Amino acid sequence: MIRFALFGAGFIGQVHGANIAACPRTKLQYVFDVNAEAAHKLAGRFGAKVAGSVEEVFAADDVDAVLIASSTNTHADLLSAAIKARKPVYCEKPIDMDLARVKAVVQEAHDNPVPIMMGFSRRFDPNHRALRQTVQAGEVGVVEMLHLVCRSSAPPPLAYIKVSGGQFRDQTIHMFDLLCWVAGQAPVEVYATGASMMDPAITEAGDVDTSMLILKFADGALCHIDNSRHTGYGYDERIEVFGSEGLVESRRKPIRDVAIYKGDKVIEDGMYAGWFERMEPSFLLAIDAFAAALEGETGIDYPTLQDGLRAQMIAEAAVASLKQGKPVQIEYWQPG
Amino acid sequence: MIRFALFGAGFIGQVHGANIAACPRTKLQYVFDVNAEAAHKLAGRFGAKVAGSVEEVFAADDVDAVLIASSTNTHADLLSAAIKARKPVYCEKPIDMDLARVKAVVQEAHDNPVPIMMGFSRRFDPNHRALRQTVQAGEVGVVEMLHLVCRSSAPPPLAYIKVSGGQFRDQTIHMFDLLCWVAGQAPVEVYATGASMMDPAITEAGDVDTSMLILKFADGALCHIDNSRHTGYGYDERIEVFGSEGLVESRRKPIRDVAIYKGDKVIEDGMYAGWFERMEPSFLLAIDAFAAALEGETGIDYPTLQDGLRAQMIAEAAVASLKQGKPVQIEYWQPG
Amino acid sequence: MIRFALFGAGFIGQVHGANIAACPRTKLQYVFDVNAEAAHKLAGRFGAKVAGSVEEVFAADDVDAVLIASSTNTHADLLSAAIKARKPVYCEKPIDMDLARVKAVVQEAHDNPVPIMMGFSRRFDPNHRALRQTVQAGEVGVVEMLHLVCRSSAPPPLAYIKVSGGQFRDQTIHMFDLLCWVAGQAPVEVYATGASMMDPAITEAGDVDTSMLILKFADGALCHIDNSRHTGYGYDERIEVFGSEGLVESRRKPIRDVAIYKGDKVIEDGMYAGWFERMEPSFLLAIDAFAAALEGETGIDYPTLQDGLRAQMIAEAAVASLKQGKPVQIEYWQPG
Amino acid sequence: MIRFALFGAGFIGQVHGANIAACPRTKLQYVFDVNAEAAHKLAGRFGAKVAGSVEEVFAADDVDAVLIASSTNTHADLLSAAIKARKPVYCEKPIDMDLARVKAVVQEAHDNPVPIMMGFSRRFDPNHRALRQTVQAGEVGVVEMLHLVCRSSAPPPLAYIKVSGGQFRDQTIHMFDLLCWVAGQAPVEVYATGASMMDPAITEAGDVDTSMLILKFADGALCHIDNSRHTGYGYDERIEVFGSEGLVESRRKPIRDVAIYKGDKVIEDGMYAGWFERMEPSFLLAIDAFAAALEGETGIDYPTLQDGLRAQMIAEAAVASLKQGKPVQIEYWQPG
């Protein structure tokens, strides 16, 4: 039984808190939030204790691991504190918006390794996992092309977009992690282009809401990603892998399996309303997988801190390509 | 090259005429119809000759086979004439409405065999054929249950219904042939029930427009058929075979493969408007198969005159069951 | 917050116990089982108390409702005790195997009404609910035909089959409830037929494992049900409603949405392994719905004790039809 | 009835010849091929005359239109001859491999207009047409992203690839026409990248077999195309249009609608074996549409000579982008 201390009792903190309570492998031991009321409410719901400070959490001897779901600018410090306290960490993405700070934390973790899982919970979506297993088993042969589609049903608030680092760092980053995980290798070059089709304010904020990228792998394989900040039909996320011997796809997931036949049409249930409704089950699966790894189960390929850095460096290159209007080589920094 | 004489230049005669002309194995040599104008029009379109009489057709030395697509009450006489003239026949169903006359023709064909194919063209539908091949290859194990759905998009005119012999003899008869062909055996008992849900005039005409049947095989396997004379969504014909090791289905066939995602729905293209639009390609495939068999190709399981009789006897038992309100044993008469 | 006492800590009792604990509207207060160890284990997992006797439960003042998941022969007595104690009940099906006892309890509940929900949890399956809503909203017009498919992936142990009351009372009963609920009316006649295709021991036990039924409604509408105790492809449950203006279907539910294209085939994920894997989410939804009704929410159409009796009387008629080999009128007893 | 003279009796000439014979609006009057035997064989099959020379065709007074299906290097001269003879032309793509020659012919046609249809027969595929109609009707709102997939099941012979002008001019050109036709506008910029994943000989020939392109429209909309010269699963061609209010897709087309459920898998029929099997019906529809336009029917948006030039100029820009490794502006030359 892994006893978790949770940092952050906002929306995603509440999700993690409930999952830690529900997962048979884990227990919600502490909640900390700068908003003490939110911390008390969440802790109360699941019989957890409220921590008065960050220090209290790391000093406690009934904490086996921490989950960082607080605001982005606190991630690096909490990661650093956890590394020093030798506590395993489940950390929401991103590591930090400042790449120098990211590298410092990755270096620190490299020098004093503790298990750190980045919250790329999409890796635990059953559809995506089955797709990856098919690819890794060689069932479609050598990977030649990948397609990833990531379309939110509605944009986040403009205020959020302005501080989000832009579409690639905020939204596409999940796809960057997925493509490396599925392909079993990291791309070497990226071409990114996009526009703001939805809202001129997004352009004014220096961002795009509609974008396409082509990424190249060293062996010539190609990957295409398309992103949108809105759709007229719910949340749409898919992966297609084209190999030398076949194709595998993680398809759109319908809400229900109900169809009406009327006139010359068939009307089926469509997509989940938003990314959270679609991806909700993978959050619990992610917690369970990390806990299983901490309990010593082998073969669990959870996303590491270095995976988080890798995805972020692809995002940096994509941002550069968008600005320069041409393909950009991706540089992967490694801790030394 | 099989040279065909065609009896009947009505709707279904025109379909057969065009297919005989288009099929590389066959040639439309003569057309006969009591409506000479219709015969001339059809013959002219494909460079065929118009026969002045039935006798002229059977006397001609440039006729290799005949296709009977004239009105039902002429089938038995034309079959008899063809048997006497030693001409292979493709005959539209049914053989005749009078079972005594049917038996007489079957006996005559038994005594003087010529190749006779009944126009159960659904056997040549590519979906149904692939389903049967799967069943016959044992891929789903021992057949335990079959389902056949046969729903017309709109009823024929009431005048036709009145002389059609009723839903089982007119519509379900195709399913009776299909189920024997797919299962590789004939049922021994039938329970039929139904109602007129659409139009009270159909009840007054002594018929039903909505019906369900359960047929039993000697080994305990069960078959369900449902029939309707109308739908709100086009023509719906399907077969499902449930075996001890799996299931195979010949699914609904959509008009096109186009889908619109909008709101919380997916709108796909639906069914073909009517049975003819859905089944049209199988008519040419049926002609081609019969011609191939006449040319000596082996392994072509075209529906025979005896298959036509078998389907008709199942229909008779179904009619009896409907009247009696209880299951009825099916009697299969054999020529001796 | 509805505080539940749970009778029965076997497989289905554990499912209900976990759901009562997880549902925000309910709390697991007591567990009782003749197997005290099982009761302690289940209670301990969710912080509930163990009751020493049935009487203790009904005497307790911190119990708002009871859930009966103990063995079938205890249902009637526990229902009776709950009625006397004025406690709402969620009762697993069936009420009792003895129809006289069933009627006595229904009469008692009629005379001293408390909310009683029968555990027909399939009504809470999201697919089936959406189908019913479509039908009730008139989107497919007047209901003319229904199809229900209920095929278990593997048979229960023969020992269970022998005391189960047979396929119709044990398995098909869920379909009998669903069809009344979906159609908004109860059938008046049933024809049932079947065989043991799987295992001769089932025949010897006087039961069938493969069966088909046709049920008739007063307005002429027809319903077909097919049942199997095994499949080669997982659990298969579907409903199709054919109306005068269209068709709606609650389709098979696939495990995942992943497809492999290879050669001339597409290989998709298939069905859930068993009925429980398929129906698991509906158990929590059922508890939640009953709790909502107890909290005063209106418009919740949970299955009542009388619905349980209705399904059972259809099953009795089906058993009679199977024995007699002909259609049987269904008699609906009403408490007076 | 439009009387056609056909140039070219090779594979694609035979397809067109049979379709001209089968289409009720058209008649195959003459066949010309430098291989006289091939011309005789094709003409004989459909009762057409064999022309002794190109001049004979253009001098004949029983020719209403010509179809150019001869080798690519003859297209420009035959187009020029047809323009001079005032004969409508259906011309297989491309116009010519030499852009200067292409411009000269387009200028000539501009100065002396006759109806000229380029053989982009995919426009007549029923799936693609329905998709375009949906887009043009505004059902998905403003077009924001398009995806086109074009994957051949097997590469053409290397000898053909060497003279084909490369993947973009030979294969992707169909997608260039489709995307302009569907979007209702032409792209302004293209980025193309690719590799030879299949066969190093293709790299040596200066070509790619696996490629991805991103095209931009003036309003910011983006289009992605992926191409492959081989697949492990038949021919794969799809279009997806993502608009501000929804999505429409012209999906993969399965061979049949048959599915086997076995174990935990569903095995469905896959894709057509090759592009021709998949696209065959659109050839007849293309001939019929052109004939209808010649007969005066309005609203038929057949691909014109200028559309052929447009697609070719996009291909030229794509080739330039591939070589330069960066996005290239597309220049559209117009006859003056």
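In order of appearance the chains are A, B, C and D, and numbering begins at 1 in each one.
Quick note on the criterion: contacts are C-beta pairs under 8 Å (C-beta built on N, C-alpha and C of every residue); 3 or more make two chains touch, one makes a residue touch a chain.
Because the structure is a prediction, the values reported are computed rather than measured.
The minimum number of touch steps separating chain B from chain C is 1. Ranking all chains by how far their C-alpha centres lie from the centre of chain B, first place goes to A. Compared on C-beta pairs in contact, A-D and C-D come out with A-D as the pair having more.
One simple way to say how far apart two chains are is to compare their mean CA positions; for chain C and chain D this gives 58 Å. Chain B and chain D have Cα centroids lying 40 Å from one another. Between the Cα centres of chain A and chain D there is a gap of 42 Å. Contact with two or more other chains is made by residues 140, 231-233, 236, 245-247, 254-255, 261-263, 269 of chain A.
For chain C in complex with chain A, the touching residues are 22, 126-127, 130-131, 134, 139-140, 245-263, 269. Taken in their complex, chain A has these residues touching chain B: 231-234, 236, 254-255, 261-271, 273. Residues of chain D touching chain A in their complex: 140-142, 144-145, 147, 151, 191, 193-198, 210-212, 214, 216, 220-222, 224, 226, 228, 230-233, 236, 242-247, 325-327.
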